[in-house]
Amino acid sequence: MEPKYSSNPDENLQAAEYVEKPESQLKAMWETLRQNKAAVAGLFIIGILAIIALTVWLSELMGKQILPYDPNYADMTKSFIKPNAQHWFGTDQLGRDMFSRILDGTKISLFVGVTAVAISLTIGVIFGAIAGYRGGKTDTVIMRLMDMMLAIPSILLAIAFMAALGKGLDKAIIAIGLVSIPEYARIVRGSILSVKENDYVHAAKIMGNKTSRIIYKHILPNVISVIVVRATLGVSTAVLDTAALGFLGLGVQPPFAEWGDMLGRARGFIFSAPYTLIFPGIAITITVLAFNLLGDGLRDALDPKSRIK
Amino acid sequence: MLLEVKNLTTEFKLKRGIVKAVDDISFTIDKGEILAIVGESGSGKSVTSLSIMGLLQKPGKVTGGQIFYKSQDLSTLSKKELQKLRGNQISMIFQEPMTSLNPVWRIKDQIMESIMLHMKLSKKDALARTIEILETVGIPSAAQRANDYPHQMSGGMRQRVMTAMALACNPELLIADEPTTALDVTIQAQILELLYRMREKFHMAVMLITHDLGVVSEAADRVIVMYCGKIMEEADVRTLFNNPMHPYTIGLLKSIPQIDNDSDERLYMIKGMVPNPLNMPKGCPFSDRCEQSMERCTQEMPQLQDIDGHKVRCFLHDAKEGGSAKQ
Amino acid sequence: MLRYIIKRLLMLIPVLLGVSIIVFLIMRVFSPDPAPIVLGQHATQQAVAAWRQVNGLNDPIYLQYYHYLTGALTGNLGTSYYTKLPVVKEIMSRFPATIELAIVAIILASFFGIVIGVISAVKKNSIFDNAGMFIALIGVSMPIFWLGILLIILFSGALHWLPSNGRINPLLEPAHITGFFLIDSLMAGNMDAFFDALRHLILPASALAMYSMAIITRMTRSSMLDTLQQDFIRTARAKGVPEGKVVRKHALRNGLIPIVTVIGLQLGSLLGGAVLTETVFSWPGIGAYTVECILKSDFPVVQGVVLLVATIYVLMNLIVDLIYAFLDPRIKYSKKEV
Amino acid sequence: MRKIRRMMALALSATLALVSLTGCGSSSTNGSAASSSSAKGSDTLVYAQGAEPRGLDPALVDDGESAKVMSNIYEGLLKYDKDSTKVQPCLATSWDISPDGLSYTFHLRKGVKFQDGTDFNADAVKANIDRQLPPKVTQDMAYASFVFGSVKDVQVVDPNTVKINLKSPSTPFLKNLAMIMAAPMISPKDLKDNNNNVNQKPVGTGPYKFVKWDKDQDIVLVANDQYWGTKPLIKNVVFKFIKDNSARVVALNNGEADVIDGIDATVVKQITDAGNKIFQAPGMNINYMAYNTSRKPFNDKNLRAAISQAINVPELVKSLYKGYAEPATSIMPTFMEGYDKSISQVAYDPQAAAKTLKAAGLTTVHMITYTNPRPYNTATGQVLAEAIQGYLSKVGVTVKIDSYDWTTYKQKVKEGDYDIAFYGWVGDNGDPDNFMNLLSDPDPTMNIALYNNPQFNDLIKKGVATPAGDARNAIYTQLEKIAAADAVWLPISHAQTLCAYRPNVQNFYFHMTGITPFVGVSKK
C-alpha cells in the first residue's frame, strides 16, 4: 500500500474525487488499475484462465473433445507415464492425461471460486446491509450470528458441512460459500456505517425515500468498490479452500478433475510420480496468485490510503 | 554569519518531469537574527528549510549550491555529524502540531530523547531539564503534563511542546516552519511572543517560515519573499513594509486585512493561480499574474538586483532600465 | 478496564451457546450415523439400534442438546464414541502439540514478517523490497499442504536433513509437564530431547508459518510506509535521532499497532491451517484429529473441539484488543461500548 | 523499546541455531537422521503404522491397527501357525472335544502369570469369556457375538482345566479362539481396576508389556522379563502412527522407523533403492465389486455377467496394485481350506459384453464407492471405481460414481440406493465360513449384493456344523461355484500385505491374520 500522502499531487487529487463523486468510483478505479503492472498481469492471467475454462466448458456442452485427451477417460494400460511429448504433464494412476486434466480443472476451480464468492457475497451483502442500515437489535442479532460463525475455523466448518452433505461440486460451493459470509457481512456493515452519516444519505432520507431504495441507490454504490476488492481476493481464498477440501478427499465427485483432489491423490506417489503432485500445485498457485494480484491492484486503485484489514 | 545558503537548488524528480522546488537561492542568517521567509504554499519555502535540515525525502534532492553553517559546508558532513547538528545546534518546529508529535510516546520521553542524545545527560538530569524547558515555554504544572500523551493536549499546548523540544538543547538556529498556521489567533500571538522571548533569552537565530505577512511584521528582523522557488525580494522588515518593490510583495501586502482600515473595500486578492510547477512560464514566474507585466517579463527571467541592501527580482527595477516603479 | 474485560468475557457465553448449536445441528442432524463405524465389521442392525438407544441418539434433537448442555455445564463433555475415552482427555492429550506448533509458527512468521516488512518499507522499491513482496505474494497464494509436501520431498526425502513427521523421537520424549516438548525437555534438562523436538518442529512450523508470514510482511510494509510518512517521523529526524532509531523506536512502535491485530488474527487462523499441516506432517495435534472425528461422526469430540477453539478465538480477540490499548495510548476501553 | 531489539537479536540467534541444526543433520549422511538414530540402538524397534489403534482391549476394538499392538501384549488359549491359519497350543496346552461337538475341555498351561503378577488360571478364562456373553456383553463389543456367539457357558473344572459348552456345533470355534479380537486373555484384576475397559491399560500374558501411549504419536512396549515362553530379543518396541503413506516411507529411509507397513506398490523401488527390504505376505482378504441383486437392472443375472465380462480384472489389478495384489478368481484366498483350482469367474470378453448390454439397453449405471484406502484396497474404492468406469465406457455404459467417506459410505450402503457398490472383507479366523457366510447374511451392510439364495443359505448352515475335513471343504467349493455362476460379485483382488524393514532387522514377519508378533525378531 501506498503512503498516506503521495508525492504525486494528482493521486491525492483522485482520492479527493472519490469522496465527492461516488458514482465515478469504478471508472476511476479502472484508470488507476491500468497503471498497476502487477494488477494488469493478474488480470491477464485471469483472462487466460477464463478463456481456457470457457472453451473447455463450451466444447463439452457441444460434445466436442478439444483437449488433447479425454480428461476423465481411465486407461489402465497407461498408468503413470512420465511427462513426454504425448503427455506433457504425464499421466496419473488411472492413465489419464494430466495436462488435459489440469486444463479441465481450470473450469472447476474458477466455477467453484466465482460461484462460492457469489453466494457468500449475496448473502453477506444482504446481512451486512440490513445490519448496518437498520442498526439496533437487528444489527446485534445479525452480527452476533456472524461472530459465532467466525469463531469456528472456516476450514473445519467447511469440512463438517462436506461430511454432512457428502461430496460434490454443488455441495463444495455451498460449504465454501457459507463459511465466508461473515467476512462480507462485516465489511459491508462497516462501510455502510461510515457512509450512512453522509449528507446525501440524510438528504435522501429527508426526501422520504424508501429504505431499500436508499440502500440500493445511495449506499450500495458507495460500498461497491470495497466489495469488488474483497470479492476478488475472496475468489483466491475460495480456490484455496476448494483445493483444501479436495486434498482431504472431500471435494468433487469423481471423475471430475479438481486440482486439490489431484494433489490429494498424488500424495501417495510423491516419490514414484512427483509430476502428478507438481503440476496441480502450480496450477492452484498461479490461479490464486492472479486473483491476489488483481485484488491488491484494485485495492490500491480504490484508495491509496487503504490498509489491509 | 551563522548560516549561509549559496545558490541552493532542490529538485523533485517525478515521473512526468522535474520540479525545481527551490531554484538557485542564496541568503544568510546572522547570530540572533530573525529572518522571515514569506510565500504562498508551493513557493519552496518549506523545501528550503528541509534542505537546510537535510530532511528532504525522495524524490526530493539538493542538486546544486551549498549550505554553510558556521562556515562549514553541510554537504561535506557525514550522516552522523549531521545528526549531531540536528536538534542540537539547528532545530526545527513544524507547522502541524497535531501530527508532529509521536502519538504513542509521553511528552517527556520525546523531549528527553533529544536531550539525552545531544547533551549526554543522565536520565534524571534530562527529566529535570525537560520540565524546566516545558515551564519556560509556558506549560502550566509542567511536571505533571510531562507525563501526558500528545492526544491529551490542545493544539496550542502541543505547539508549545514542539517549541520546547526544539529549544531543549539550546540551539543556535531555530527553523520555525509555519509555527502558528494551525492555531487560533490568540494562541498564534502567544507562540510568536514565545519565540521572540526565546530569541532574547538564548540569543538564537530564527528562520521563520510563513505565508502570513502579519506574523512577519510582528516578529522578523529581515524578510525574504519567495515565489515558485525563487527569491523575489529581500529587505529588512521596515523597508519591506514601507517600501515594497516587487509587484508580488505589493500584492501580498495589499491582501493583509487591516484593522484600522474601516473602508468598505473588498479585501485585495492577487488574481490568477500559482503556475503548474511542471509547466513554468519561460520568463518571470509571476508574469502571468502581474498587473504590470511587460512583454519582456514573459520572455526573460529577471535577475535579483541588490539596490542598497534591498534585493528585488523585477524588470521594473532593472538597473539597466534605470526605472524604479513607485506605488 | 476491568469492567470492559469482564463484559467481553461474558460475551463468551452467547458465542459458545450459538457455536454449540451450529455444530450440534450440523453433526447430529445432517451427519452420517456413527454406529456402524463404532461397532465395526460385524455390527448387526440390532446392535446398531441398541447402541444408538444407549447413546441417546434416538432422542429428539432438543433433548439431546439439553443433555449435552447440562453435561457441559458440569464440565462433562461426554466420551468419544470411538475410543470410549472422555472427550476432555482426548482433546487435552493432543492440544499442546497444536499450540506448540502454532506458537512456533507465529513466532517465525512474526519475526521474519516484521523484519522483511520493515526493511522493504525502508528500502522501498529496492531489489530487496521487490523480492520480499514477490515471496510474500507467493506465500499467500500457495496451498499450505502443497508447500508442506514440497518441504518433505526436499528436506526429508532428498536431503535427509530433517524428520518428516511426528513431534519427537518417542524414546527421547520428556515427562509431560506442560505438554510442550520444547519446554518440558528444557525443564528436564534433556538437551537431546530439546533439539530433537526442535528438529521435528522446523518443517511443519515453516509450512504453517508461510501464509501468516506473507500476510504479516505485507501488513508491516504498508503500515511502516504509512508511518514513515508521518510528520512525527520528520520531527524525530529533525531532533537528530539516527535513522535506525527513527525506524525502530518511532516508526515501528506506531506501525506495530495494526501489525499486532494481524498477528492476533493470524494466530486464530493458524488453528485452521493446522488442520492441513498436521495432516501432511502426521503432527499429533488437534487439527488432524478433529477432521478424523468429523469423518467418523464422533459427535462428542467434534463438539468439544469446536467449543475449545471458539473460546480461544474470543480470548485471542480480547487479548489483541488489550495489546492494542497497551500499544496505543489513545485507545481507552473503559467508556467505550463493546 | 530496547526490548524489541533484544527480542530481534534473540530471534536471530534462534534462527542461526536452527540453520546450524539442519547443517549438523546434513553432515551425518548415509540417509539417517542424526539425533534420532543415536537414541535407538539394537534394543529398540520402531514400527510405523498408518493409523492409531482404537484401543488395546481385545473385546472393545475391531481394527487391524490395534491387532498389531495387542498381538504382542496378549495371548489366547490357542494361536495360529506362523504361515497358515492352523491352530496351535498357546495358553492351553491341549484340548478335548466331546463327540457331539458341543463341549470343549481345555487344559491350561501351568505357572503362567499376567504382566501384573496375578496368576493365569481357569477363573481368568471364565472371566474373560463371561464378560462377552449375555448378560454382561455390551453392544460395543465388536467381536463378542462372532467369537463367542455359539458359547452357552463356561465351567471351571479345576484351576488348570476349563470347559466351554456350545449351543450348537461350530467348527470355526477353535479357530476363533486363536483370534486377536475378543479371544485373548486379559488379567481379571486389570479388568476390575479399569471398569471393564482396558483400552488404555492392557495387561496380558504376552512377551511385551505396555509402557505408554501418547495420543496420535506412539505406543511404547517393553520386553516382559517374566514371559513363560522364549524371551523376546528386542527390549523396546515402539509403534509409531504416521498417517501418510509417503511420510512412512520417508521415515523408514531416514532411519526414523525400522519397519513400516501398509505401503503402496509404487514406493517399493524407492524403498529398495535406499537399501531397505520388502516383506510380502499373502493377505487373507477379498476386494470386490457387488451388484445390487435386489433391483433392476442387476436382478438379471445375465446383465451382471455382462458387466463382469467387460472388465479386465488381471490388467486392472496389475496396473492398480503393481503386482502386490493377486487378481482374484474366487472369493476365498487361495491358501484357504475349501479353495479349489476349478473355481473361476466370467471371462473377460468386451465384445460379448457390449452385445448383451446393448441388447438389454443398459447404458447408465450408478455406482457408490468409498474414498479411503482400505486394507484390502490400498488404492481406494474411488480409484477402483474410476478404473472400472473406464472399462465400462468402452462397452457403451456410462457410469455415475458417487464416492463417500467411509462413515457416510456405510450409511449409503445401508440405504441401498445403488446398482453397484464396492467393498471388501478381511478374514478374521481363517475359516471358509468367515468369507462365504457374507453372501447369506441378512444384514445389508454385510451382504451388499443383497443376495438371497435359499440353496446357498442352506449350504452355509450345513458347512458350519460339518466337522473339518474334505467333506466340509467340498461344501465351500460348491458355494464358490454358485456365487460365480450367479455373478453376484466381481472378485477383484486379494491384497498382499506389504511391509518394509531396514536390513538389520531379522526374522520379521507379518501374519496373514494381520498381526505382527515381535517375539522372535532381532536387530543387528
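First chain written, first letter: the chains are A, B, C and D, and each begins at residue 1.
Please note the rule applied: contacts are C-beta pairs under 8 Å (C-beta built on N, C-alpha and C of every residue); 3 or more make two chains touch, one makes a residue touch a chain.
Just so we're clear, the structure is a prediction, and the values are computed from it rather than from any experiment.
> Once you count every C-beta pair in contact for both, which comes out on top, C-D or A-D?
If we tally the contacting C-beta pairs, C-D comes out ahead.
> Sort the other chains by how far their Cα centres are from that of chain B and give me the top one.
Chain D.
> From the C-alpha centre of chain A to that of chain B, how far is it in Å?
Whole-Å distance between the two chain centres: 52.
> Any idea how many Å lie between the Cα centroids of chain C and chain D?
About 36 Å, centre to centre.
> Distance between chain B and chain D based on Cα centroids, please, to the nearest Å.
Result: the chain centres lie 88 Å from each other.
> How many angstrom between the C-alpha centroids of chain D and chain A?
44
> Pull out every residue in chain A that's touching 2 or more other chains.
Chain A, residues with two or more chain partners: 163, 267, 270-271.
> Enumerate the residues of chain D that touch no fewer than two other chains.
In chain D, the residues touching two or more other chains are 244, 246, 405, 407-408.
> Using the touch definition from the top, which residues of chain C touch two or more other chains?
Residue numbers touching two or more other chains: 32, 149, 152, 157, 230, 253, 279, 295, 297.
> Can you list the residues on chain C that touch chain B in the complex?
230-232, 234-243, 250, 253-254, 257, 327-330
> Can you tell me which positions in chain D touch chain A when the two form their complex?
Against chain A, chain D makes touches at 244-246, 249, 264, 266-267, 269-270, 312, 315-316, 319-320, 371-372, 379, 382-383, 385-387, 389-391, 393, 401-405, 407-408.
> Any idea which chain C residues touch chain D in the complex?
32-34, 36-45, 47, 50-51, 54, 82-85, 90, 93-94, 97, 107, 111, 115, 149, 152, 155-157, 159-167, 169-173, 192, 195-196, 198-199, 202, 248-249, 252-253, 279-282, 284-285, 288-289, 295-297
> Once bound in the complex, which stretches of chain A touch chain D?
Within the complex, chain A touches chain D at residues 72-77, 79-80, 93-95, 163, 166-167, 249-250, 253-255, 265, 267-273.
> How about chain B: which of its residues touch chain C in the complex?
Contacts found on chain B: 53, 55, 79-80, 82-88, 91-92, 94, 96, 99-105, 113-114, 117-118, 149, 151, 162, 165-166.
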